[in-house]
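You will see two complexes here that share chain A, one where it goes with chain B and one where it goes with chain C.
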Partner chain A sequence: MTGPTASLSHLSRADGSASFKCPTTGYNVLGSVNAPIELPARRDALKPEEATVEVFVKPGNTTAGVGERYVEGILRTMLQKVILGRERGFPRRGVVITLAILGGDAVERGDSYLTLLPALLQTSLLTLLSAGVPMSMTFSTALLAVTKSGDIISDPSPVDAKTASSLHVLAFSPKGHLLLNESQGRFDFDTWESVRERAYSSCRGAVITGSDGDIAMGEEGEDSRAEDFIRETVEDHLHRDYAWKIDSA
Partner chain B sequence: MAPPAATAAPSVPPSLSLPPSQFARLQPHAYLLGHLSPPSASNQPSIRANGRAPSQFRVTSANAGSLTHTNGSAVVRIGDTAAVCGVRAELLHTEDIASWSVSQASGSNKRRRLADLGEKPTEEDEDEDPEEDRAHIEDLNLLVPNLSLSTGCAPGFIPGAAPSALAQSLSHQILSLLHSTRLVRADDLRVWYQPPNLGPEELERHNDEEQMDVDAEQSATAEEKPREIKAFWVLYIDIMIISLAGNPFDAAWAAVLAALRDTKLPKAWWDVDNETIVCSDSVADARKLSLRGLPVASSYGVFEADAAAGWRANVIPDAVEENAQAQKDKKGSPERWILADPDGYEEGLIQERACVVIDKEKDGKTTIVKMEKNGGWTVDTEDLRQLVEMSARRWDEMKRILEQC
Partner chain C sequence: MSAPLILLPGDEVPSDHLPSNNSNPLKLGPGLRLLSQPSSKSTPATHVLTATQAGLVTTDAKRNTVSLLSFSNCRYIPTVNDLVIAQIHHSSVDYFHCMVTPHTAHALLGQLSFEGASKKTRPMLKQGELVYARVLSIGVGAGAEVELTCVNPATGKSDPGGLGPLIGGMVFDVSTGMAARLLRASSSSEQSDIIDGLAVLSELGKKLESLGGFELAVGRNGKVWVDCSNAGDSAIKATIAIGRCLQTTDEKSLNPADQKKLVTRILREMNLAS
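What follows is the complex of A and B.
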């Protein structure tokens, strides 16, 4: 199975940009961020002491509708917590993230947006990293589906997601906190717990805490940890940016 | 953020006289924190500023059938949040559906199910094709919910303005929950037509009903014309939040549920001579929808003692260590409270939210239909387990309220 691919900072006018492509689900998202910028209409914002986070999601083939408003709301609540909106220069200003869905199945009216949510979250994180927006933490996401027979599959294809009995999107902080959970469909709590375990290991690798409090990573060879993916993408980009320096050294 | 003096202020009036209502406006966080963690000297229980215990929901009332011009309606009030929901049914002729093909209709002809009045069917779930059910309701958009907040329900929402992002996202949540719970049966919304059998074999057919299945393959086309769908009922579900004091989703969903339970569709049939759908005037002919289950939504908010927790560039401890730490000082005052059914005042102080939609089967088994948690990192498995239990208790309460209305 090939993992997702991403590239950073290829839009020259935006403060930060990234594109993210997931081969299993087929989604291709292009994101840009401008921060901090003046928002003319938001002078009397509800919370003047911190930056307003605005997220716009643009589907590939139609105008944005109620479904996009909903997913924008999820992204906004999530990112508002992660972005340090009180850093110097940010209060009363705005962080505007625009995400355009370039490829993949269109989300129909009333369909769940969960299949697309991880791709959107990953893209927005990468754009924020590319723009250097101060954040309290990064995060990694997982999309899991529970089939009718009770099997848990990670990164289900659109067909699997349609027939699944429940869909789950989870996001974890690098310290292992559950940042986001969106679950839909019929399931019980025990199922959810095993879904969480599975998501945790796919995001962070299986973690065994040693007696001395050190964390030993199990399954060293596993290549598809979502957390590493973000790190590798940023590292690759930095290598390219600082090639002149590395070469001359 | 909150100095100790300010924390104690609501319980011990300082020399500077400031009525509690003003203090609540000036220092909302300290005010709520003062209520939740009273000084240990004063023997007060930890209670919210609105007088509720952290896990207590607001008083809920529901009233169905208030609007006479709708097919079903309900008013649900949760504390000071009130939602009115009206369900209006309109006919959609299959000939008006561009993609409607006869092949789609003919497959369902064998399942001739009579929708019994008032009966709660659970066993017959199996014999309905879920894929077709989904295709009809979702692809033909037979359920059209719309939520309006532009009623002057709260100062932040200008009456008559375009639907806000919140209203749109709530509309989507309701539609998506209607779809994922498969609450409404597609069969309730179909208007069937059985073409008359004009051939002479009509009489014989009644005698050997048992043998029909055996030789159906050869003679079905000749003997019986398949039943066909002539129209669908489209349900327009309009929700108006007439007063908003926090937690609009629970109120709106409860209103939708109560209104759908109240909805009666008139008896409709295809009139061959006029080639149109005719509806019966008589109320006795109308039948109620038979809904699948009773999913009940309950929302929660997490109030953090440290107001700066959200924005300070602090080092957040590792989740595993933190859990161990939390086990150690269990006795100490908690750093956060999970507040059930937050009101408008509390919602302004809350960043992390959770929403659980629960349904219970006949045998009392709890099924989670939707579980959301967003905007923070304090709630994890153990808290969610408690929230599910709390929501299960709320389900019993809501069931009682909805059955009485």
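What follows is the complex of A and C.
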């Protein structure tokens, strides 16, 4: 299995940009962020002490609809908590994030948007890092599906996701706190608990021994941790930018 | 020097990376913040330094500073005392309204804040003309105006020299990280060819000396102004060549050896090789 790929800062006119490609789902998302910028027409909607975060999700082949509005809302509430909107120069200004879906199966009207959510979250995190927007922490996300027979699949393909009985998107902070939990479908508390453990280990690589003690140990090695992926992408880029400084040291 | 340390937002700066100079207080540069836990009954107050941006940690033991270098293509945000190249947008009774970065509010430059300017002898700048200016103040809070000046208000001289209208020449865009490097390289007192990994300027200087040399002004807002008016017929060619050398060095982050090769190649392509 090949891991996701990403590149940073390739749009020259945006303050920050990133693209993210996930091979298992086939999604390819291009993101840009402009911050801090003046939002002149929205003076009533601006918060006096904080930056206003706006997220726009643009599907590649149609205009944005209800599904995009829904996912924009999830992204906005999540990112608003992570961005330090009270830093100098940010209050009463806007952080505008635009995410364009370039590849992958289009999400049809009425379909679940959760399959796309991790890719959108990763892309927006990378664009914010690329623009140097102050943030209190990074995060890592995982998408899991529970099949009708009760198996948990991480990073399900679109076909798996369609037939799954429930879909879960979870995001964790580097300290292991749960930042986002979006679930869809029928499931019970025990299922959710094992989903959370599985998501935690795929995000952070730590093995949590469940109450029954039989956690599949084989999978930790082959799955690269989602958290490391962000770090490696950023480190690669910074190494290239500051090669002159690092080499001379 | 220890291995380069790259932090992501939320990461703590390890205490062994901080400068160990205790004579004056530690200063934090951009991208870092201090988080304190107030002392309670059981634990004493603890302080940690965490990053708010992704970047490379750099420390200066002499001045006891620690800062985070973020991506080099970040947008320029005006800071007091930065040297910038601004373009006049329009003028009003007291001020020239200048553009420092695209799509942001105009910066103000007083009609009389030039060296030796008085009500009768002030520069009449037109739309689109360029000035090399220093950021005087950035105001307080959102929507505040950035004010520029071409003169030191205390002495009445242009300080550092060279501030004022830029006549002739051409402006090239580079990344803000590159602009900062070029400024350091040109202001550094070291007499070496390679400063901050930049050999391109000294190499160009050597190669173009026979043509009469060139003038360069670097703005922190990612602009470089180049003028070769001494070069006579090949002035335009030389200007373009210098701009191309700087932009390619920036885009491809070339190392000093490659920079020298690039200069030779571009000058040969433009038939400027001496």
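We adopt the following convention: the second predicted complex is superposed on the first by the 228 of 249 C-alpha atoms of A that agree within 3 Å, B and C clash if a C-alpha of one lies under 4 Å from a C-alpha of the other, contacts with A are read in each partner's own complex, and residues count from 1 in each chain.
Methods note: a contact is a pair of C-beta atoms (placed from the backbone, for glycine too) under 8 Å apart; a residue touches a chain by one contact, two chains touch by 3 or more.
Values in this document were obtained by computation on a predicted structure and should not be read as measured data.
After superposition onto chain A, the modelled positions of chain B and chain C are compatible, with room for both. With both structures placed on the common chain, the touch criterion links A:Val146 to neither chain B nor chain C. In the superposition on chain A, contact is made by A:Ser136 with both chain B and chain C.
By the touch criterion stated above, A:Glu38 is placed in contact with chain C alone, chain B being left untouched.
Shared-chain residue A:Leu84: touches chain B and chain C both.
If you stand at the C-alpha centre of chain A, chain B and chain C are 140 degrees apart, rounded to the nearest 10. Look at A:Asp111: by the touch rule set out above, it reaches chain B but stays clear of chain C. With both structures placed on the common chain, the touch criterion links A:Arg196 to chain B but leaves chain C unconnected.
When the shared chain is aligned, no partner comes close enough to touch A:Val29: not chain B, not chain C. In the superposed pair of complexes, A:Ser173 makes contact with chain B and with chain C alike. Nearest C-alpha atoms belonging to chain B and chain C sit 5 Å apart in the superposition, given in whole angstrom. In the superposition on chain A, the residues of chain A contacted by chain B and by chain C overlap at 84, 87, 134, 136-137, 173, 175. Listed in rising order, the residues of chain A touching chain C in the complex are 8-9, 12, 15-16, 37-38, 84, 87, 89, 91-93, 129-138, 173-175, 230-231, 234-235, 237-249. Touching chain A in their complex are the following residues of chain C: 1, 4, 6, 8-11, 31, 52-56, 58, 69-75, 77, 103-105, 141-143, 177, 181, 196-198, 253, 255. Every residue of chain B that touches chain A in the complex is listed here, in rising order: 138, 141, 143, 165-166, 168-169, 171-173, 175-176, 178-180, 310-311, 313-314, 316-321, 351-353, 359, 365-381, 384-385, 388. Residues 50, 65-67, 69-70, 72-74, 77-78, 80-81, 84-87, 108-113, 134, 136-137, 173, 175-189, 192-193, 196, 207, 209, 213, 215 of chain A touch chain B in their complex.
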